[in-house]
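Each of the next two complexes has chain A plus one other chain: chain B in the first, chain C in the second.
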Partner chain A sequence: MKRRTSWVPTLVLLLGAVYCLIPVLWVLMAATKSRSELFSTFTFLPGSGLWSNLAELTAYRDGVYWLWMLNSALYAGVGALLSAVVSAVSGYALAKFDFRGRGVIFTVILTGVLMPPITLAVPQYLLLAKVDLAGTYWSVLLPSILSPYGIYLARVYAAAAVPDEVLEAARMDGARELRLFTSIAWPMMLPGLVTIFLFQFVAIWNNFLLPYVMLADDGTFPVTVGLYSLLQQGASRPALYTLVITGALLSIIPLIALFLGLQRYWRVDLLSGVVKS
Partner chain B sequence: MQRRTALAVIALAGSLALTGCDGGAPAATGPVELTMWSWASLQKVAEMWNADHPDIKVTVQEQGGGDELVTKVITAAKAGDGPDLVQAEYQMIPTLVSNDVLTDVAEFAGGAEDSFSESVWKQVTLGSPAVYAIPQDTAPLALFYREDLFTQFGLAVPKTWTEFAETARQLKQKDPNRALTTFSSNDAGLFAGLSQQAGATWWQTSGDTWKVGVDDESSRKVADFWGGLVKDGVIDNQPMYTPAWNKALNDGTQIAWVSAVWAPGTLTTSAPDTKGKWKMAPLPQWTAGAAKTGSWGGSATGITGKAAKDGKAQAAAKFATWLNTDPKAIAALVKEAGVYPAATAAQSSGALTTPEFFPNQPDFYALAADIAKGTAAAGWGPNVNVAYNTFKDAFGKAATEKSSFPAALRTVHETTVADMKKNGFKIEG
Partner chain C sequence: MAHTRRLVPHGFLAPAIVLFGLFFALPIGYAAHLSLHSMQVKGLGLGRNAREEVWVGLDNYATALADPELLAGAGRVLRYGAMLVPTMLGLALLFALLLDLPRTRFRAFSRLAIFLPYAVPGIIASLLWGFLYLPSVSPGYFLLNAAGWSGPDLLHGDGLFLALTNISVWGGTGFNMIVIYTALRAVPPELYESARLDGCSEAQIAWRIKIPLIRPSLVLTFFFSTIATLQVFAEPMTLRPLTNSLTFTWSPYMKVYRDAFVQGGLHSAAATAVVIAAVTLLLSFSFLKLVNRRAAS
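Coming up: the complex of A and B.
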């Protein structure tokens, strides 16, 4: 059977890809330019300064950039992991147990999905400052753990991927509820949880306002806030554009690696969604 | 396997708790511990202090500057949190005072007054007997021009604004592709500085009544002057700090820049190929033979209400005074943070060495000290951010459409006054 190329959708997708990739290409090219090339050479031609930019970035304040990267990895890694666990437990409970107030709780969580997290940063700061947690690692981790969107996804996924019959059969065999969750529901939900983990990881990694408001000690900054502090150093010193651009490029590499590494899982997830419908 | 993961998570969380809780109460017997938020790199300077003063230990936490830092400090103060010392731009001091971020340290730091010029000191006292901050750096305005291109086109360095306009016209005639400079609407600070030179005071207080002078005669004169140049097309009307502007400075499409004494730092990034081709001259004057200038930027070290509450205000004031008046400290400030010191004695001391980007002007800082002597006083109010944001919109529109600048100034004035009234400030007139 001969398949014709459908030109219109292909073109639309190509345009979309170009739209998304041009900024990435810009960062990639700009990161290779030395200070004197940055504004004077053609935008999409590579320069000659990549290695010196990298060396300068690593040397800046005894490698504080790599500390920021580590911090970002910690916030995003631990935050997304805990968030996936909390979402799994809550989503599973909401999907598979009929209890009083379930509808209300789910509505409240749905409202939370609609609430942009950015509006919560300042109130969260005021609350955490009251219990003396502002400025600690916890002040960024705690608000990241509870993700209404994650819980919502987990509930939808648990409802679709974990058949009631299986749970019923396991109950008949005498399995306790905890065991039911860890041995049966968790593995079945895993592809969905990987998606939640990825979403949360990216959201925390890219988050600026929350850590900016919460953290004061530049040793605890994630990479977003750190790069921002590099940009705003007052007028008297040459701006560190080349360092910031190189730093921004490096900071997206872990995200790309993570997506490629976990591709196996979320592909399954997307496919399973297709089959179900 | 699941259980192991859970254990690992708990173990990791536990270790976080240990590393996270270091901000506790200071030991009763140990040194006074102070934290400072700044965007300038002051770590090394603070280390010098710590080595000499075992009783007061200062930790610098580097933050990005700008309006976001002001928001952050105000939020922290509302929560009873935040630093003991904070770097603040002069125009933000009234905002910080009216939000109870800064505290009066006149009893501990009043003696520092003699180290600074009157116009600078007024900005940290807000014209009252109180002292809210110690001046750190100042930024007197000057004219920066491409010496080589001025010679090439047979232009003389303008000494008055009339000559400045004449120079702009001459250049346009000789080479229509070049412009003397641009009028930029994206930083109100420069326009405010030019208005100060002309004699404007945008905010004044007497008692609890404010007088807003954004639209006074002097500022209107400045608006009219620049609006005329833009309308006639003899200067550019595109904003500063864009890639296009960088390029224009780098390739000589724009051959002069009205800026402040920190300009060499900016030119290093913006126009890397022009090293050694720029020169600084005094700002053109409204009256021939005068020697007045305004400011664009500059900051002070403020002492916060939190320091006062914790009984650390005296220690904080002592450090802030040392940081900004002690010759050794200022030398380190200049070296590490690249600031132009506010202390009068330091401006003509040997601490300042010719900017690397201006090897052709070895007397750069001698000239700067001369220019700085004529710095006009500035008066700031509690809603500078509102005025500045309105400026960006109103003048941005006026510059693009080449419409009336004084009308745009009127808009800025009215919006500023309306905002102050809304927030319960008493306004004269």
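Coming up: the complex of A and C.
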């Protein structure tokens, strides 16, 4: 059999790759342009203003941009960590125990995936406002912990990765149930839990609706809502556009790094087969 | 001992159940409650307790459904979805099939580059494309103008649908491509080795063997893409500062937000939100039922 390169498929894929890289390359170039260069020079050539743009962004309202980045890291990091833990214990219980109501609980939690976020966010805001939590870090963190999807994945993963015989043998030896989970099931489920953590991290980092509804003080904003508020002010003050552009570039760097660094944990294959069940 | 053993799974499930109760069940119940009530002025309308919540039955629903903006918004979202879902999934399937071909080159690079937009929040993606749609900063317009043409207006009228569809195609194709590609990799190659030896073209193999085998993944991606489409919010919200032709009620989601937080009409917003949830659930369950019935027969 001939092993020549098939050029048509290769070129079509490269075309797709170029299309996906265009906005990223554009923002990379645009962030290097000074205010006057932005509207006057060809956009795929670098400018001379990168350092002044960075300095200006850092100086903007006493460095509020970096606070937004920290907030995003906090919401996504802590939220995804708690989410992975809750998914792990729930998935383990649903996969490894036979009890009345198991099917009902699982179905009800899964239905949560289908609930429109806006139908949840408005009453969540009003209820949290009643207990004085609206506008605080908690108001974004708490609703992000339960991930029906994460529980589903953890259940699939626990069923596949934790053998019943091992659990039974440890039970015979008199191990307590909590210990069974922490010292046997948890380590076996860990690779799957990293995947759940990553998916939930991206979901929270990319979320706009929930923090936009919940937060009013820009000191608590994640970077998505922060840049949005900056863009809105930019509509009347185009001088802010260079800040928005520089901020947009910096905001996508952490996620791309996370993504390239942990490539082997992006187990999309875990997602397949949802329809089968 | 046997008794305590029986409660073990419930103990493990307790955090999830509590969170579900507090952040799913309770808010939905509260939305339903709000949707059936209204604020009414009591007496002369003076003083702190001058307004009280009264039961109004289905009045809010009647008002919500009679509002032509809701229906128009739903129509706009359907039109956007009809453009987005086939384009995005068509491209995702095409790219996945090309990646699965034995003699394609630069596969790792292309796969990574096409998956990259998944790491970009919708709000940032809209922001980047929004600037690329602005004739004064876009390289596309720069080149078109240099050639003596004026580009299409993507920020007004029908162009907006194209603008929004493009943002979401850009953001969603890679993820769906990976889901489909993973399904393709799970198919044992022996299944089409003999077809290849019999002289079938790769296109025939893709159409006759691969696509039928990965149907569950295609159904899955279609289902979740459609749901995500109905929830479009961040993208039109981001484009709004760049154009004057995107109203605050462009999509039903935006209308709920405006009614609740800009106009302070919590009760009517709740009714609209409940209608959106009911329609979403109805569509989802009928779709899943249809799929299961077809799978069973």
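We adopt the following convention: the second predicted complex is superposed on the first by the 233 of 277 C-alpha atoms of A that agree within 3 Å, B and C clash if a C-alpha of one lies under 4 Å from a C-alpha of the other, contacts with A are read in each partner's own complex, and residues count from 1 in each chain.
In the analysis below, contacts are C-beta pairs under 8 Å (C-beta built on N, C-alpha and C of every residue); 3 or more make two chains touch, one makes a residue touch a chain.
This structure is a prediction, so every number in the text was calculated from the model and none was measured.
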| item | value |
| --- | --- |
| Touched partner set for A:Y228, first chain B, second chain C, both or neither | both |
| First, second, both or neither for A:V131, with chain B first and chain C second | neither |
| Touched partner set for A:V104, first chain B, second chain C, both or neither | neither |
| Partner chain in contact with A:M172 - chain B first, chain C second, else both or neither | neither |
| Chain B versus chain C as contact partner of A:V122, first or second or both or neither | both |
| A:F39 touches, of chain B and chain C: first, second, both or neither? | both |
| Which of chain B and chain C A:V213 touches, first, second, both or neither | both |
| Partner chain in contact with A:A17 - chain B first, chain C second, else both or neither | second |
| Chain A residues touched by each partner, larger count belonging to chain B or chain C | C |
| Shared chain A surface residues [contacts with chain B and with chain C] | 39, 122, 126, 212-213, 225, 228, 231-232, 234-235, 241 |
| Chain A residues touching chain C - in the complex, by the definition given at the top | 3-6, 9-10, 12-14, 16-24, 26-27, 30, 38-39, 42-44, 86, 89-90, 92-94, 97, 99, 102, 105, 108-109, 111-112, 114-120, 122-124, 126-127, 142-143, 145-146, 151, 177, 181, 202, 205-209, 212-213, 224-225, 227-228, 231-232, 234-235, 241, 244-245, 248, 251-252, 255-256, 258-260, 266, 268-269, 271-276 |
| Residue ranges of chain C touching chain A (in the complex, touch as defined) | 5-6, 8-13, 15-17, 19-20, 22-24, 26-28, 30-31, 34, 91, 94-95, 98-99, 101, 103-107, 109-110, 112-114, 116-125, 127-129, 131-132, 136-139, 142, 170, 173-174, 178-179, 182-183, 186, 216-217, 219-220, 223, 227, 230-231, 233-234, 237-238, 241-242, 253, 256-257, 260-261, 266, 269-270, 273-274, 276-277, 280-281, 284, 288, 291 |
| Touch list for chain A against partner chain B, complex | 35-36, 39-40, 61, 74, 78, 81-82, 85, 122, 125-126, 129-130, 132-138, 141, 182, 186, 212-213, 216-218, 225, 228-239, 241 |
| Chain B residues within the chain A interface of the complex | 2-3, 6, 9, 12-13, 16-17, 19-21, 23, 35, 37, 39-41, 61-66, 68-69, 72, 75-76, 78-83, 137, 139, 243, 246-247, 250-251, 260, 262, 265-266, 268-270, 272-273, 297, 299, 337-340 |
